[in-house]
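Once you scroll down, you'll see the structures, which are given as C-alpha cells.
Heads up, the next two complexes both have chain A, just with different partners, chain B and then chain C.
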Partner chain A sequence: MMMPAAEETSSVPRRGLATRTFRQPRACLSAGWLVLLVLASVILPLTGLLHPLTQNPAAILQPPSSAHWLGTDDLGRDILARLIYGARDALALSLEVVAVSVIVGAPLGLWAGFGSRWGDWISARFADLMLAIPGIIVLLAVVTIVGNNMPTTMAVLGVLVSAGIIRLVRACTQAAVKELYVDAARVSGLSGRRIAFRHVLPNVAGPLIVQASTIAAISLLTLTGLQFLGLGPNPPTPSWGGLVAEASANIYRQPWMMVPSGLAVILTVLAFNQLGDALRDALAGPGRSSLLAPARNAVAEASRRTAEANRRAGSRQPADSDAALIVKGVSVTAPLNGGTVTLVDQVNLTVAKGETVGIVGESGCGKSMTALAILGLLPSNVTFASGAVIIGGEDLATMTDNQRRRTRGTRIASIPQEPMTALDPNFTVGKQLTAPARRLLGLTRGQAREEALRLLHEAGIVSPETVFRSYPHQISGGMAQRVCIAQALIGKPEVLIADEPTTALDVTVQAEILDLLRGLQREMGMAIVLVTHDLGVVADICDRAMVMYAGQIVETAQTRQLLSTPAHPYTLSLLDSVPSRTNRGTTLPTIAGTIPRPEKWPISCRFADRCPLVRDACRTQPIPLIRTTGGAYSRCIRTGELRQPGTLPAGSELEVFEH
Partner chain B sequence: MTVLLEVKNLRVTFGGGRKQIQAVNDVSFSVGEGETAALVGESGSGKSTIGRSMLGLVRPSSGTVLYKGQDMIEGWRRRRHEFARQVQAVFQDPNSSLNPLMTIGQILDEPLRAAGQMSRKNAAARVREMLDAVGLPHGAQARYPAEFSAGQRQRVAIARALVLSPRLVVCDEPVSALDLSTQAQVINLLSTLREQTGVSYLFISHDLPVVRHLADNTVVLYRGQVMEAGPAHDVADAPLHPYTIALTAASPVIDVDKQQERRERRRESTAVRADLPLDVPGCPFSARCPFTADVCISTRPRPVPKGASTVVCHLYDPQSGHPRSGHGVPASRPPAAPGAM
Partner chain C sequence: MIRILVARVGVAIAILFVVVTLTFFLAHLIPGDPATTILGNGATQQQVSALRHQLGLDEPLWSQYVKSLSGLVHGNLGTSVVTGQPVVQALGNAVPVTLSLTFLGTAFVLIVGVAAGILSAVRKGFTDKAVRGTAGVAMAVPNYWLAVFLVAIFSIAIPLLPATGYTDLTASPGRWARGLILPVVAIALAGAAVIARQTRSALIDTFTRDYVRTLRSLGTPTHVIVLRHGLRNASIPIITTVGLQFIGILGGAVIIEQVFALPGIGQLTLSAVTQHDIPMIQGAVIFMAVVVLLVNIVTDVIYVILNPKLRHR
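Then we have the complex of A and B:
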C-alpha cells in the first residue's frame, strides 16, 4: 500500500447508552422500583397468596402487622394486595398513554421535519389544536361517553399529549436533516424511508425517550386523579387512585392508610422522572461532564490561587524598554481522568513594540491555548499552571480578575477568529463600538460616536456611517473583521493577540485584513501575536515565528530564516507538504501519523515517533531548545543535519536529512 | 477523451420575490472521462451549489446537466440508486458527513446495501478492500467516527464515496478542514485512487495551489458566473482574467521576498470602487476591477478563447467596446510569477 501507515487511532472506549445510564445510582434505584412493581403485579396473582377482595371483618383498619404487612382497610382487605393488583393498571395505562402519544406524534413530527410543506402545516395545526383543547374537560367528557373504560380514556389522553412529541420530533428531525451525512446518504442512493429510519430516527430516539418518561409520569398522575374522582374501575376492583380515595375517607380513623398508596404514587412518578433525567444526562455524553463537575473546577481554581501566591513572591519584573510583551515559562494544564495533562509546556516569548510574532502549528498543538493564556481567558476547566505574562512591567498572571479586567482593551486586546460570532447580533455596530469607547476612554456619547466613526474609517471601511448603523448580520465577514479590529483598537492596546484572524475569510479579504493590520501597526506601534496554521500568512506579516508541536515550542526564528532554512524536522516537513510547484499525479511529501494526544506526550522528543531523523538519544531525555545560527532556537539534537525545504524531487519518499 | 459530464447554462436560484438570489448564473463546463475538473472561487461564488446540483441535492432553475448523455437532474429524482452507482461525493467536513451513531463498517456497507445486488459476504469483502485502499486497518470497521482523527474520517468518507466504484466523484472542499500535513496525505490518496480506478473528480476548492496540484482543468467562478476556464496550470501560473489575477495575487506564498512582491502586485491588481453597485447587469467583478469601463457595468462580457483557455472579460474581446478591448490586462504589470503560490 502506498499510503503512509494508518495514523494512530485514539482509543476512547465508546460505552453504550445503557451503561452510561445505569452507572448513575438514581437510574438503578428508579429502574429497580419499576421492575419490582411489575414483577410483583405479575407474580402475586399467580401465587394466589394474597387476594385484594378477601374481606376480614375481624381485622379492619389495622396498622402494619406480620399478617398484613401494610395493614388493612375498612373492610379488612389487605392493602399490600390491593396496591400490587392496582399497580398493573397504573403501569399499563401510563405506558399506554406513552405508546399512543409516540405512535401518533413521532410519524407526524418526522413528516413535518422532513421538509414536506403539507406535512409541516398539518402537523403544526394538529399540535396547536391539541394544545388548545382543555385536556381535563375532554377526558371527563370521554368518561361520560365510554363509562369507566380506562384504556379508551387513556388513549385519548395519549392523543392530547402527542403535541409535545410532534414538536420535539420535528425539531430533532430538522436538525438531523441538515447534517452532511444525510446528504451523503441521499447521494448513496438511499430511499427517503431508509434515511428516516437509519439516519434520522436514531437522533430523535434519545430526546424521545426522555420526553416519554415525563409523559409516563404525567399520565400516572392524571390516571390517579381520575380514579380518585371515582372514574376508574368500579369498586371493589383495586386501583391506586381508588386506594387514595378510600384512605382519605378513613383519614381520621386510620391515617396510616394514606401512606402506602400515597408513597406508591409518589415513588413511581419519581422513578419515571429520575429515569428520564438519568437518560438525558447519559445522552448528553462526556462533553457535558466538564460543566457538571464543579468540584473538580474548584480544585483547579484552588491550585491556581496557590500557584499565584507562590509566584507573587518574586514577581516584580524589571520593565524592558523594548519589549511590549514578555511571556515566561507559561504552562497550561487540564484535568483528565483524575490526573492532569499539560496542554502548553513552558512557553517563552518576547515581542517588541511594533513587532509581529507568529505562533504556528497544527490543530491540537497548543497555539490557541497559549494565546488564551496570555489573554487570561482560558476555558473554565483549564488551569494557568505556571509562568508570567508581563506587559509594561506588570505581570498579568498574578493580577486579580478585577485588575486584569482593567488591562483589557488598553494594555492587551484581541481579534477573534470568527468575527461574525464575536459581534452581538442584538446591537448595532455603532453601539458595540461606542460602549467600550465610553468605558475605556471616558468619552461622552457624542465623542464616542466620533471616535467610533474615526476607528471604522481607520479600519478601512469606506462608508463608516452606514456600517455604524448596521447590525452584524447586515455586513460581510470581511467587514465584520474590520469592525472587530476597530473594536480592539479603541483603547490603543500595547499588545494585540490575533487568533487565526483570517482563517474564516476568503483569500482576497484575508490579504486586505493583513494589509490593514500591517498599516495600523506601523501607525500605532503595537506588538502583535498572530496565531495561525497558514505559513503563507506567516510569510506575509510576521517578523518572527515560533512553531509549536504537542504543546511545546519546537523552533523559533526570524520568518525569513524559518521558511528558507528550517532548523526542526517538523517545520521542514510542514513546509514540504505544501503543494507548490508540483504537477498533477505527483506525490506530495507527507508526515506519517498524527499529533499524539496530550496524555501520551513523552518527556523526550514529542515528534520522535513521526521523525525520519529519529535516534535512540531522541527518546531517552527531554530535548531543550538549542541555539542555532542566526539567533534561532530548535528543539532538535540533529538540527545541523537538516536539508533545505523543497530540495527533494517531488514524489520521492520523505527523507529529512541531507545525503 | 469522451465527455462524462456536461453542464450547459446552469442556473440556480434561491429564495423568491425580491429576495431572490442567483447563486449560479449561466454556468457551462464539462468533465471528461478520467479527468479532474476544478471549480475555484471564494465564498458566494456558487461553486458548492453547482456541486450540490450535480448530486441531486439542489434543484437548478434552468439549464441542462448531462451525464453520459442522460439528463442527470431528472435521473437523481427518479432513479436515485442508479445514479448513486455512477456519481458520488466527498464533503468538506468529515465530522458531520459521517453519522456518529454508525460504525465505520456500517457507513461503508450502507451504499452497497442501498444498491442491492451484492451478497453479504461480497459486501464485507468490498468494505475490507476499500479500507485497504484508503490505508485504514480492518479493525476500523467496528469503531465509531468519534474514535478517529479528522484526516482518518476523511479517508472513511473517501472510501464510502468509492465503495460503489463510481465514475465521477464530486469533492466539495475535501481538504480545507484538514491540517497541512493531513491535507497532503488526503491529496495523495485522492490522486492515487484516481490512478487506480480512472475515476473523474469534480474538485471544488478555494485553494489555487491545491487545485493546480490535482486538477487538469479549472473553472474560476465569481458571484455565480464563470470568469475564466482553462488548463489548471495556465489558470494558476498565467491567469488572464483580472479576477483570477487578483485571486492568485492574494493567495500568500511561503517565501518572505516573493510574498512581498506578490503583495505589491496585488495592490495594483485590485481596486475598491465603493461608488459602483455590486449588482450590475454587466461583469460581476466590475466593482473591484482596476480596469472597469462603462461597458463592464452595462454589458455582460462574452466568453473569448485565448490560448487553451476561455476568458469572460471585455478586455480580451476585440468587439467589446472597452477602451482596451482585445488587448487584455496591460503587459506593463508583471504576470503572476509561475507557480509561486
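Then we have the complex of A and C:
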C-alpha cells in the first residue's frame, strides 16, 4: 500500500532532472561533442574514406589543408583519421573504468550504508588502501605484470577509483535509509535487496552520475598519460596520448601537431566535467517557479501612491531634537523575475537617547529588513531603494561604503538573533573581543584584554577569564548572547539594533538578557531599536512600539497605549492571540491566513483579506497613517470602531482554533 | 592530540604492511624469471641457478617474504636486477628531484589556487567569470600536453627557460629553481584550478554566515573578514584537498619527469617498468606509499589544529 506513493516520490524528481540538466547550454554542447566523437569513430571505419595508417611520403608534417583537414604527421599520415580511430579506445576504455568502479563500488557502498558494521569497516579500509599510493604507480606495476594490455590496466584503475564511489553510495544510502518511506517499505515486509533496488538506488543515481563523469574525465587523462609514456597500443596503431607524444617529438619541425591531439583530449575531458557540473547544478536546485509578473508593478505603484497619500495626509512621525536615530521614508526592494518587489515601504522612525522602541510583527512583515536597512547590512540581492538614516546629524544612507563602515561599532551596533552562530567558531571569545577593541578604540594588546574582560563582566558574566579563553562551542547560548552584547558595546554606540535578541534562548535566560539590556541602557544612555514578534518582550522593555504588516508601519504608539487600546485591527489580532489571564482555559484565537508574499501586496489596505472589519472602502485606495490619540498613528480607516483587546465578541469573524 | 596522532601512525603502519605484502606477492605473479632477465637468454642453466641461489630465489616463497620484510625493517630494499645497484641507493639519488618537484608543485597549487579563489569570490562579475572559466579549462588540460606546450612556448619560441634537465639545489639554487619552473606549472596547474574552485565556494559560504554579519556590524574592514575569518574557515576543506592534490602530483611526476628529463623517482619507476626490474618497482611503490601516508598524517594533524571543535572537545 505504501509502494505507489513511495515510487511516486522517487521517480518525479528524476524526470525533471534530465530536463533541468539539458536546459543548460553547456550540457547540450558537451553531450553533442561526445555523441559526435562516438558517431565519427563508428562511421569512419565503415566508409573506408580515411585510413590512419596510410603513409604519404610526399606530404609529411603538413598544416591543415583541404586534403588533410588537420594536417599530416611525420610519415604523411592523416591526423584527423588517426584522431578518430584513436577516439574509440579513449572513450571505450574510459567508460570501462566507470563501469568497473560502479560495479565494484556500488554494492560495497550499499552494504556499508545499510548499517553493516563489517561492510563499513571493509569499505573504509579498502578506501584507505586505494588512496595510499598514486594510481599511476599502481598502474605501472600492473603494466609490468600484464604487459601493454590496456583493458586489464584500466580495469585496475576502475578498482582504484571505486573508493570514491563507495564513499558516495554509502553516504547516499545512509541518507535514504533515514527517510521515512524506507521504514514504511521495511515494515511492509520488503527484503533488504528489494529496498535497495526500488528505493535507495533511484536516489543515489543522480550523485552517482555526477561522480561517474568525474571518473570518466580522470580515466581519460590517466589513459592518455600512459599512452603518452608509450604504454598504449604499439606504434603504428593511433592513440590520443600517443599522438601527443608524436607531436612533441616533432615540436621543432611542426608545432601545429600539438593542437589537434591536445584539443581532442581537452575538449573531451571538458565535456565530461561540464556534463557532471550541469547535472550537479540540476540536482542542487529545482528550477525557480515563475511568479506573477504584473503583481510587482502593482506593488511599485502602491508604494508610490502610499507615499503620496502620506504626504497629503500630512502624517509626520514624532520628531525630537533629542533624537539619537531618525529613519525617514526608508524603502527596501528586491529583484524578482526581472522586476523588483518592495519589501519595506516608506518606514519612518525616531528614537530618542535612552529610549527603546520595538518593531513588532509576524515573520515576513519586513521588520528584520528594516533593522538591516538601518544598519546598512542588507543581503547582497536586496537594495536600499530610498530614505534617510540619520545618526548624530549625518545621513548613513548617502555615505560611501567605507564611511558607513566606520560608523559601525561606534555610532551604531547590533545584537544578533542567534548568538551561537554569530560568533566565529574558529576564534576564541577573547580574540573576537580584543580585535574590534584594538581597531575601534586604538588600544594596545594588553589594554584590549583589560577592556574585553571588563565588558564581559559588565555583560553579567561571572568568570570573564574562563569565557575569554573559550571557543564559542564551549559556552552556552545565554553566555554567547552576553558575549555578543559585550562585543556590541565595545565602541560605546549611540544606537543599538537588537533583532530578536532573546528568541533563540531559554525563557529564563530571556528575562535575564532583557534585564541586562535595560541596565546597560540606563548606564550608557544609548537608543535601542528592538525587533521582536513577542508582545511580551515589548511590554517588558519598550517605551514605544511600531507594528509592521506587509512591509508597512500599521500602528505606532506608546507601549502602554498600544497594549491597552490598539488602534489597528492587526495589533488587536496580535494581542488577542497572546495567551493571557483573560483567555486562559478558552480556545486561543489565531489570525486566519498568513502575510501574503510581497509580490501580492495590494495598493489598498494590505491587511484587508485577514481583517474582521474590512469594508469595500478598504480595498479601493491606499490608506495613509492617521493620527489618533496621544501621539499615536494608525493605518486604518475604521480605527475609531475598534473594541478592547481580550473582549472577543460572539460571532467574531476572527477564526478560532483549538489550541 | 597525541592520541589522534598515535592512532593515525598505527593505521599508516598497518596500511604500509599491506602495501608491502601486496607488492611482494604481486611481483611473484609476474611471468618470467628475474635471474634469466638479468643474465639474458644466452646464459647456461648452471649460471641461472647459481644466480637464483645468490638472489635467494630458490628458497620457499614464505621464507623470501620474511627475508624481504626483515630487509625492509633494516632499510634494505634489495638490489636492482638490471644495474645491480642497491634499490635504496638508487631511490636516494632520485628522491631530491621528485620531492623538489612535488613540494614546489603543492606550494604552487596552494598559493595560486587560494589567490585565484579569493579573487573569484571577492570580485563579482567579469573577474569571477574569467577565473571560473580558466579553472574549468585548466582542470581539463592533461599535464603531459601542458608540459610540451610550455616547452614549445618558453623554451623554443621564447628561449627563457631550460626545456630539460635538473640541477641540484646545493649546486646552484638559481638554476635549480629555473629548471623547475616549467615542470612545476605543468604538474600543478590542474590542482590549482581545483583549489581555486574550492576556495571560492568555501569563501562564498563563509560570507553567508551569521558571524560575518556580526563582524560587519562592528565595522570590520572587508580584507580582514576575507583574509582572517574567511580563509580560516575555508582552510579546513582546503587542507583535505591539498593532501589529495599532493598525491596526484606525486603520480604526475612519473609523466612530467619524463618530459623534462628529470632523474627522479618517476623516471626510475618508468625505466624499471620497461626493464622488468621488479625490486626497483617494489622500492618505488613502497617509497610512494611512505610519502603518501606521511602526508596524510600531516594533513590530519593540521586538520585537527585548524578545527577548534576537534582540538577542544
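Just so it is clear, the second predicted complex is superposed on the first by the 393 of 659 C-alpha atoms of A that agree within 3 Å, B and C clash if a C-alpha of one lies under 4 Å from a C-alpha of the other, contacts with A are read in each partner's own complex, and residues count from 1 in each chain.
Here is the rule we go by: a contact is a pair of C-beta atoms (placed from the backbone, for glycine too) under 8 Å apart; a residue touches a chain by one contact, two chains touch by 3 or more.
It should be emphasised that the depicted structure is a prediction, and the values quoted were computed from it without experimental measurement.
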Scan A:575 for contacts with chain B and chain C and give back first, second, both or neither. first
Considering only touches as defined above, state whether A:39 meets chain B (first), chain C (second), both or neither. neither
Tell me which partner A:336 touches in the superposition: chain B (first), chain C (second), both or neither. neither
May I ask you to decide whether A:439 touches chain B, chain C, both, or neither, giving the answer as first, second, both or neither? second
By the touch definition at the top of the document, which applies to A:603: first (chain B), second (chain C), both, or neither? neither
Determine, under the contact definition given at the top, whether A:18 touches first (chain B), second (chain C), both, or neither. neither
A:490 contacts which: chain B (first), chain C (second), both, neither? second
So in the complex, which bits of chain C are touching chain A? 11, 15-16, 18-19, 23, 26, 29-30, 136-137, 139-145, 148-149, 151-152, 156, 209-211, 213-221, 229, 232-233, 244, 247-248, 250-252, 254-255, 258-259, 269-270, 272-273, 276, 278, 281, 284-285, 288-289, 292-293, 296, 306-309, 312
Which bits of chain A are touching chain C when the two form their complex? 128-129, 131-138, 140-141, 143-145, 217, 221, 224-225, 228-229, 231, 241, 244, 247-248, 251-252, 255, 258, 261-262, 265-267, 269-270, 273-274, 277, 375, 377, 405-410, 413-414, 416, 418, 421-427, 435-436, 439-440, 471, 473-474, 484, 487-488, 490-491
Any idea which chain B residues touch chain A in the complex? 36, 42-43, 52, 55-57, 80-85, 87-89, 91-93, 96-99, 101-102, 110-111, 114-115, 132, 134-137, 140, 143-144, 146-152, 157, 160, 164, 179-185, 187-189, 191-192, 195, 206, 209-210, 212-216, 232-233, 246-247, 249-257, 259, 263, 266-267, 270, 272, 274, 339-341
Mind pulling up the chain A residues that touch chain B in the complex? 1-7, 9-12, 14, 179-181, 183-191, 194, 198-199, 202-203, 362-363, 462-463, 477, 506-511, 515, 533-540, 559-560, 563-564, 573-575, 577-591, 594
